[in-house]
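Note that the chains take the letters A, B, C and D in the order they are written out, and that residue 1 is the start of every chain.
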Amino acid sequence: MTQAGHTQFSTPEMSAIFSGGSLVARMLEFEAALARAQARAGLIAEEAAKAIASRCNVDLFDVAALYRDAADAGTPAIPLVRMLTERVGGDAGKFVHWGATSQDAIDTATILQIRDGLRLLIGRLLDVAAGCGALAERHRHTPMAGRTLLQHAVPITFGLKAARWLAQSTRLVQSLRRLQDHALVVQLGGAAGTLAALGSAGVSVMELLAAELKLGAPDLPWHTERDRMAEVASSLGIVAGAMGKIASDISLLTQTEVGEVTETSTGAADRSSTMPHKRNPVEATAAMACARLALGVVPTVLSAAVQEHERAVGGWQAEWQAVPDLFRFTAGAVEWVHRALGHLQVDAERMRANLDLTRGLIMAEALTMALAPSLGRPEAYRIVQRLSDRAAQTGTHLKDLAASDQQVQSALGRDVIAKVFDASTYLGSTDALIDRALAGFRTVRE
Amino acid sequence: MTQAGHTQFSTPEMSAIFSGGSLVARMLEFEAALARAQARAGLIAEEAAKAIASRCNVDLFDVAALYRDAADAGTPAIPLVRMLTERVGGDAGKFVHWGATSQDAIDTATILQIRDGLRLLIGRLLDVAAGCGALAERHRHTPMAGRTLLQHAVPITFGLKAARWLAQSTRLVQSLRRLQDHALVVQLGGAAGTLAALGSAGVSVMELLAAELKLGAPDLPWHTERDRMAEVASSLGIVAGAMGKIASDISLLTQTEVGEVTETSTGAADRSSTMPHKRNPVEATAAMACARLALGVVPTVLSAAVQEHERAVGGWQAEWQAVPDLFRFTAGAVEWVHRALGHLQVDAERMRANLDLTRGLIMAEALTMALAPSLGRPEAYRIVQRLSDRAAQTGTHLKDLAASDQQVQSALGRDVIAKVFDASTYLGSTDALIDRALAGFRTVRE
Amino acid sequence: MTQAGHTQFSTPEMSAIFSGGSLVARMLEFEAALARAQARAGLIAEEAAKAIASRCNVDLFDVAALYRDAADAGTPAIPLVRMLTERVGGDAGKFVHWGATSQDAIDTATILQIRDGLRLLIGRLLDVAAGCGALAERHRHTPMAGRTLLQHAVPITFGLKAARWLAQSTRLVQSLRRLQDHALVVQLGGAAGTLAALGSAGVSVMELLAAELKLGAPDLPWHTERDRMAEVASSLGIVAGAMGKIASDISLLTQTEVGEVTETSTGAADRSSTMPHKRNPVEATAAMACARLALGVVPTVLSAAVQEHERAVGGWQAEWQAVPDLFRFTAGAVEWVHRALGHLQVDAERMRANLDLTRGLIMAEALTMALAPSLGRPEAYRIVQRLSDRAAQTGTHLKDLAASDQQVQSALGRDVIAKVFDASTYLGSTDALIDRALAGFRTVRE
Amino acid sequence: MTQAGHTQFSTPEMSAIFSGGSLVARMLEFEAALARAQARAGLIAEEAAKAIASRCNVDLFDVAALYRDAADAGTPAIPLVRMLTERVGGDAGKFVHWGATSQDAIDTATILQIRDGLRLLIGRLLDVAAGCGALAERHRHTPMAGRTLLQHAVPITFGLKAARWLAQSTRLVQSLRRLQDHALVVQLGGAAGTLAALGSAGVSVMELLAAELKLGAPDLPWHTERDRMAEVASSLGIVAGAMGKIASDISLLTQTEVGEVTETSTGAADRSSTMPHKRNPVEATAAMACARLALGVVPTVLSAAVQEHERAVGGWQAEWQAVPDLFRFTAGAVEWVHRALGHLQVDAERMRANLDLTRGLIMAEALTMALAPSLGRPEAYRIVQRLSDRAAQTGTHLKDLAASDQQVQSALGRDVIAKVFDASTYLGSTDALIDRALAGFRTVRE
C-alpha cells in the first residue's frame, strides 16, 4: 500500500523544491558554502574547504536512512553532519559544520527552499495576472451585473472584475518581492547565537556565507526570533486567500442559474456519466480546497513564533512540516486558478441576459441620476422610487413604466430613456480603473 | 530527488491507514458492500454483486494512475468507478456504483479509515494512560514542588501529576469511544441525497450497506452536514492538546536548572558532539511539534463545515488532505509522549532538593494551618507572614525562624515544627485523588 | 466616545450571561457554596458559612474597581476575595475562600456561565430545529434543483433540504446535551491541586460543593487539564459551522438569478435608497459573520490546552476572553439563523421554473432509469447520452427529443415520458428521509 | 449586571481608537471629506459640502440608537447616512454620501482607525525596543547560560538576549511602517465599484478624497480584494508573536529554579496571602494571554479574504469585530511586555551561579577550542569528551579534571585553564551583535 495519493493539492515543481531530498541538498549547500566562507576568512585551509565542498552532493547520501536517524536525533542536521564528516574524512572532516549548530544548517537550507519557492510562485502569479489582464482587456466592455451580497446592484463589466483580480495579483507580486528583499537571509549563530566557536571572526563569516549563497546577512542570528518566517507564511496565506477569491467568483459565475462562465477543460474526465449536463467547476473547486488548506497552515507558523530562549521546544520543529505544506498548498491554489483562467469561456450573451433579470430595476440608480439635472434630485428620487415599486409589484419592465410616465417622458424623451437603460452607459470609471490595473501590472511584469 | 522526508510527524501504522492506496482500498470495500447490499435488497442479481466484489481488490489497480486522473476529474471516485467497471465488465459492470455518487464512496471510505485510525489511537492512548498510571503508583509518595505560573506554590507528588495526566488520558479514551458510537456511519445519498436511483429501496439499501460494513446507518445522508467530521477533527485536536500538556510538563522538568526527569533514550543519537552534557528532551520536543501541527489542522476541518447546497465547492475536498494529516500528526504526538513516558527517569532526590529551594517558604501555608487550631487563624496568619518576610530578606530557612520563635515553639513544639516542614505531611487529598485516577482508568482499560 | 458598538455579533441574553458583572456574581456563588459545603463537612462553623453567603451578592461590589485591581493582581479572584473578606469581616471573614485557589473560583464560575450558556443555546437550537421542521413538513413535496458544486444535479425537495438542516440541528442538541452531562463539573483543588489546606476532607468538600451548585464532581481537579473546556469550545464551533451551512444555503438561494427564497424582514431598514429592487439577505449575512467569528475563536481555546505544570502562563487567562467571545458569537449565529428561518419566504414557483433551466437535462438520470427495465441499462444509457448531447447542442428540451425518439416512444409511451420529466416522480427516498429527520427531532424536543 | 469586565486584554488608548463611537466619528469624517472632495471636483456646491461637513460631528448622533438600527440594516452606514441626511436637511442633505456605498464609508473609517492604531502600536513598540536596548547595553557583559531545548548549551550574555528582542522589535517597527506606506488607502467605489454615480469624475474624486483624508489613493476600489486588510492582520499577529517570545523568555527566567529575573511590580496586589514567597510573573502572563488572543484572530481575517463578487456575505462583516479585537489584543501584548521590561530586575549573580550548574560542562566546547591549536582538533576533541564523561559521572567540576590532566595542563597551563572556564572569554561575536542591534534601532528611532 503506497503513500501515493491526492496530487491536486500541490504542483510537481513546488513539491520538488520542498521534498525531503531537496532539504538535504540545501543543507549540503550550506555546509559547502560555510567551509568556503571560513576558508576565505582564513579560519580553515582552502584544501579543507574544497574537500568538504566536493562531498556536498546529495546523491552521495542515503536520504531515507538520514531521516530515520533524524527522528531519534531530533534533527536531520545531526546525522547529516555525521555522514558528511565520514565522507570527507581525514583532517578536513574535522572542519565540517565548523562553529555552526544544527539550526544554522536547517534554517539556511529552508531559506534556500523558500527562495526557490517564492521565485516559482511569483512566476506563476505573473501568469495568473497576465490571464486576468487578458480578460480585462477582452471584456473591458462586456457588461454584466455587479453583485453585492449576491444580489444585483448596478452594472459592471467582466473586464472590471478581472481588473480587480489583476490589481490584487499585482499587489501580491509586489508583496512577495518585498519579502525577497528582506526575508531571504542566512542563519548562522552557532550553539547559542554567539558564534563563539568562530572567535572574533563570527560576523564576518556570517557575511561571507551570505555572499557565497547570494542571500542577505541578517542583523543578528534569529534562531528564536521568527518574524521573517511568520511573514513568509502570512504572505503565502494572503496569496491563497486572493486565489480563493478568484475561484469563488468563478464558481459562483458557473452556477446553472448564472451560467456566465464555464471552465472548459480539454477532456471528458470531469463529466458525470449519468448527468451529462453537468459542467463542474473542477479547477475552481480544487483552487478553493488548496486555498483553504494553505490558510489553515498559516496560524501554525505564526503561533510557532513564541519560541523558548535560544532554541525552541516544538515550535521550530513544527515549521519543518508547516512551511513546506504551506508552499505546496499555495502553489496548488495558484496553479488551479491559472488553469481555470486559461480555460474560462465567457458567455457575454448570458451576462447581458442576466442583467435584464430585474426587468430594469438594476438601472434605477441610473434613471435617478438622469432625471436629477432637470427635475432636481429630490423629485427624481421620488419618481424612481414610485416607478420601481410599481415595477416590482407588477413585473413590468421599469423602462416601460418610465417611458409611459408623463414626467419622465417630458424630462428625458424616449431616446434618452432607452439610453439610460443601456447598461453600457452607466459604467462610470470602469474604463479608467481597468487602465489603472493594466498599468500597475506593467510595472511588475518588467 | 525523492519525496522522502521527516518521519517524526506520524507513525508508520497511521500513515498506512491514511495512505492514498488505503483510500482506494476502502472505496473498493464500499463498492463491494454496496453491490452486496443491493443484491440483498433484490435490486441487482447475486451474481452481479459477486462479480463486482471479486474485482474490489486494490492490488488490481494502478493507484498512481488513478490519482493522476482524479486531479482532472475532481475526485478519485470517478476514475475508480471507471476502472472498476472495466475490470468487472459485462452486465455486472453496469451495476458498479449503482445509485451512488462519488461522495458516497469517498466519505464512506474515509469513515472506514477513521474507524481504523480511532482504534489505533485509542490503543496507543491506553498505553499512554498505562504509562501514566505506572508513574502515578510508583511516585505516589514522591514529593515535588507544585508550580503555578512556573513558581513554587505548595508541594505535590510526582504521582499526582502523573495521575492528572492519566485522568485526562482516560477521559480522552472515553471521548474517542463516544465518537466511535455515533460518528462512524456510512454515507449513501446518490447524486443529490435523495437516493432517487434506488427507487423506494434507498433507505433499506443504506441500512444494509451499513450492516455489510459494520458501520452505523445515519439518520440522513450528510453530504454537506459535516458535524460528525468536525467532531472527529476536534476530538483529535483535544487529544493533541492533551499530549502537548504532558510533553510541556516533561520538557519543563528536564530543564538544566530543574533536572527532575530525564528522557533516557537508548542510543547516543541525540548527544551533541561538542556539548556532551546536553540531554535534549527529543521526544517531548517531537510530541510538541506534532501537537502543534495537529492543532493547526483542526480549524481547517471545522471551518470547512460551511458547505454549499448538496455538494461543496472546496470545503469537502480540503478534508481529503486535512483529515489524514490530522490523524497522522495526532498519532505522532501520542507516540512521542508514549516513548517519552517509557524512557522517563525520575530523579526523586532532585525533586526533594528543589522543594527546599525557597528555604521553607513553600511550607508557609502548611505552617499557618498547623498554628491555626491553637492560636486562631488570624494570629497564625500574622505570625507566618512576619516570619516569611524575614526569611525572604535574610535567606534564613523558615523552619529555623519558626523553631526559634517563642510563639511558634510554644504552640507546636520542636517535633511538630519539623513535621510541618516535611512536605509529605502536607499533601491533602493527593492519595485519594491518585486512587480516583487509577480507578477511572480501570473502567476504560477493560 | 463610548464603547457601544456593533450589536449583531451576539444576543443580549448571551451577553448578559457572560458579562463581567455576571462572572463576579458566579464567583460569589462559588464562595457561598464553598462555605456551605465546608460547614456541612464540619470544617467551618454554620454561622461563618451563613455570614459569608449573606455577603455573596454582586450588588454589594464595585465591579469596575474589582476589574481594575484584577489587571494588576493577574486574576479577578484576588481582589474579589479581599473585598469579600472585608465585607464579611470578623472571624467568619477568615474562612472566606478557605482552602481554595483563585482558579477554583474562576473556573467554577465559568462553568456556571457555560451551564447557562449551553441551556440558552440548546433552547434556541430547538427553535431553529422547529423552524427547519416546519419547513420540512410544509415543503415536503416542493421540488427544487439539487445542486452539487453549484450545478444542477437531480431534483430534491425544499423539504428535504430543510430536513437535512433539521437532522444536523437535532444532532447538535444531542451533542450539547452530552456536554451538559460530562463537562459541567466544579473546580476545587487548592493552591496546587492537592486540596492540602482541607486536610483529609478535600474530596468530600469537592463533592459537597458540586452538590451545592448542582454541578458534577470531577474525577480530579483539572487546573491544567483543559479537555472539557476544549470540548465546550469545539462543540460551539461545530454549532457555528452548522449555522453557517444553513445561512450559506439561504444566501445562495436568495441570489437574484436563483430567487427561490427571500428573507422578508418586517421593516424597510435594509432597503437601499437607490436600489429599490435589492433584497439583501441581511440575516443570513449576519449569521455567516457570527459563524466565522465563532469558528475563529475555537483554535484559541484548543491550543490553550497546552498548559504548564499546575497553573498556566497565559493559556488559561486567554480563556477568560475567548470562552465568552465564543458563546457570544455562537449565540449570534444561532439567533440570526433562527430569524432568517422565521422570515423565510419560499417561492415554489421559482423553484419549479429553475428546475427547467437545463431543459430537461436534470431528468437525464431519471429517463435512463425509466428506460432500463425494457431496453436494458447499457442501451438505455446509450440513448440518453445521445439525446442529452443533442439537447445541450440544440437547446431543445430533452423531453421533446425523447418524445420524438422512436425507441423511447415505443419503450415508454407519451404519458410515461411526461411523467418521467415530472421531477416529483424522481425523488427516491425523500419522503422517508424527511420522516426520519422529523422523528429524530421529536426525540430531542421532549 | 454591567458589561464591564476584564481590562487586561487591551489598553484604554487602543480601545478608544476602536470603540463603536470612534467608528461613527470616522465614518462622519469620511462623509465630510467626500463632500469637500466633490465640491472641489465641481460635482456639488461648496455650500452643500460645508453644510454636510458642519453636521459631521459624532456628538450630534445617538450612537447606541445607530447601532441598534445597524443590526437590522446590516450595516451602520445605512442608519448613519439616514441620520446625517436628516441633520443636514434641505438641498444639501440630498448630497450626503453622494455616489458612495456603505462599504466605502465603513472601510475608509476602518482605515482611519487602523492608521491611528498603527501609530499607537509603533510608538509603544519603540518604547519596548528602547527598553530592550537599555537592557542590551546594561547587561552587555552579564554572562548567563544560553539554553537550547531548555538545556544549557554555551554561555551568552543577558545583553545579547535583549539585543535579539531589540532586533526583532526594530524589524517589527520597520514592517509596520511599510504597512503605513502601502496599506492606508481610501475606499471609494460606489454601489459595485464602478463609481458610476460620479460619471466620469470618479477617479479624481477618489484621489481628492484621499488627499482630504491624508490617506493614499488605491489603484482600484478594493471592496472584495482584502489583501491589504489581511496584511494588516498578519502584521499584528507577527507583533503579537514577537511579544509572546519576550514574555515567554521572561516567564521562564522567573522560574523559582532559575530566578534570573523578577518582575518587581509597585504594589502588593499580586502577592498571594498564603504563599508570601511567590512572585508571579503577572505581566509576562498577561502578555502571553494577549498574544494568544491576538494570534487567534489573525486567521479569521485572513480566511475572510475569500469574498463573493462585489460585496461579501459575512466575510467582510466579520472584519468589523475581528480587526478591532486584533488591535486591542495586540496593544495589550505590547503594553504588558513594555511594563514587564520596565519592572525587570536582573539577578546577575544568579545568572552566574546558574552558569556553574553543570560544573563546567557548559564550557566543554570552549576547552576544545582552546586545546585545538596546540594538540590538533581531533586530539582536543578526544580529550574533552573523555574528561566530560568523567565529570558527568563523578560530579567533579570539569575545570578540576582539566587542571589535573597531564595533557591539558602542559598544553594550556593553570592560568589559561582558569581563563577558559571564565564564561566571559567565550562569547564570540556577542559584543558585535549587540552593537548591530543597537545600530539598527537607531535607524528607526529617529
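Quick note on the criterion: a residue touches a chain if its C-beta (ideal position, glycine included) is under 8 Å from a C-beta of that chain, and two chains touch if they have at least 3 such contacts.
Source: prediction; values computed, not measured.
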| item | value |
| --- | --- |
| Chain pair with more C-beta contacts, C-D versus A-C | C-D |
| Chain centre separation (chain C, chain D; CA means) in Å | 33 |
| In chain D, residues with contacts to at least two other chains | 74, 147-150, 153-154, 191, 197, 244, 248, 251-252, 274-275, 280-282, 285, 288, 291-292, 295-296, 299, 303, 313, 365, 381 |
| Chain contact graph, described as a line, ring, star, complete graph or other shape | complete |
| Chain D partner contacts - residues on chain B that touch it in the complex | 145, 147-154, 251-252, 254-258, 273-282, 285, 299, 303, 354, 357-358, 361-362, 364-365, 368, 381, 384-385, 388-389, 392 |
| Chain D contact footprint on chain A (complex, rising order) | 74, 91, 94-95, 101, 146-150, 153-156, 160-161, 163-165, 167-168, 170-172, 175, 178, 190-200, 202-203, 219-222, 224-228, 230-231, 234-235, 237-238, 241-242, 244-245, 247-249, 252, 288, 291-292, 295-296, 298-299, 302-303, 305-313, 365-366, 369, 377-378, 381, 426-430, 432-433, 436-437, 440 |
| Residue ranges of chain A in contact with chain B within the complex | 1-9, 15-16, 19-23, 25, 58, 63-64, 67-74, 76, 78-79, 191, 197, 244, 247-248, 251, 265, 267, 269-270, 274-275, 280-282, 284-289, 291-293, 295-297, 299-300, 303-304, 313-315, 317-318, 320-322, 324, 329 |
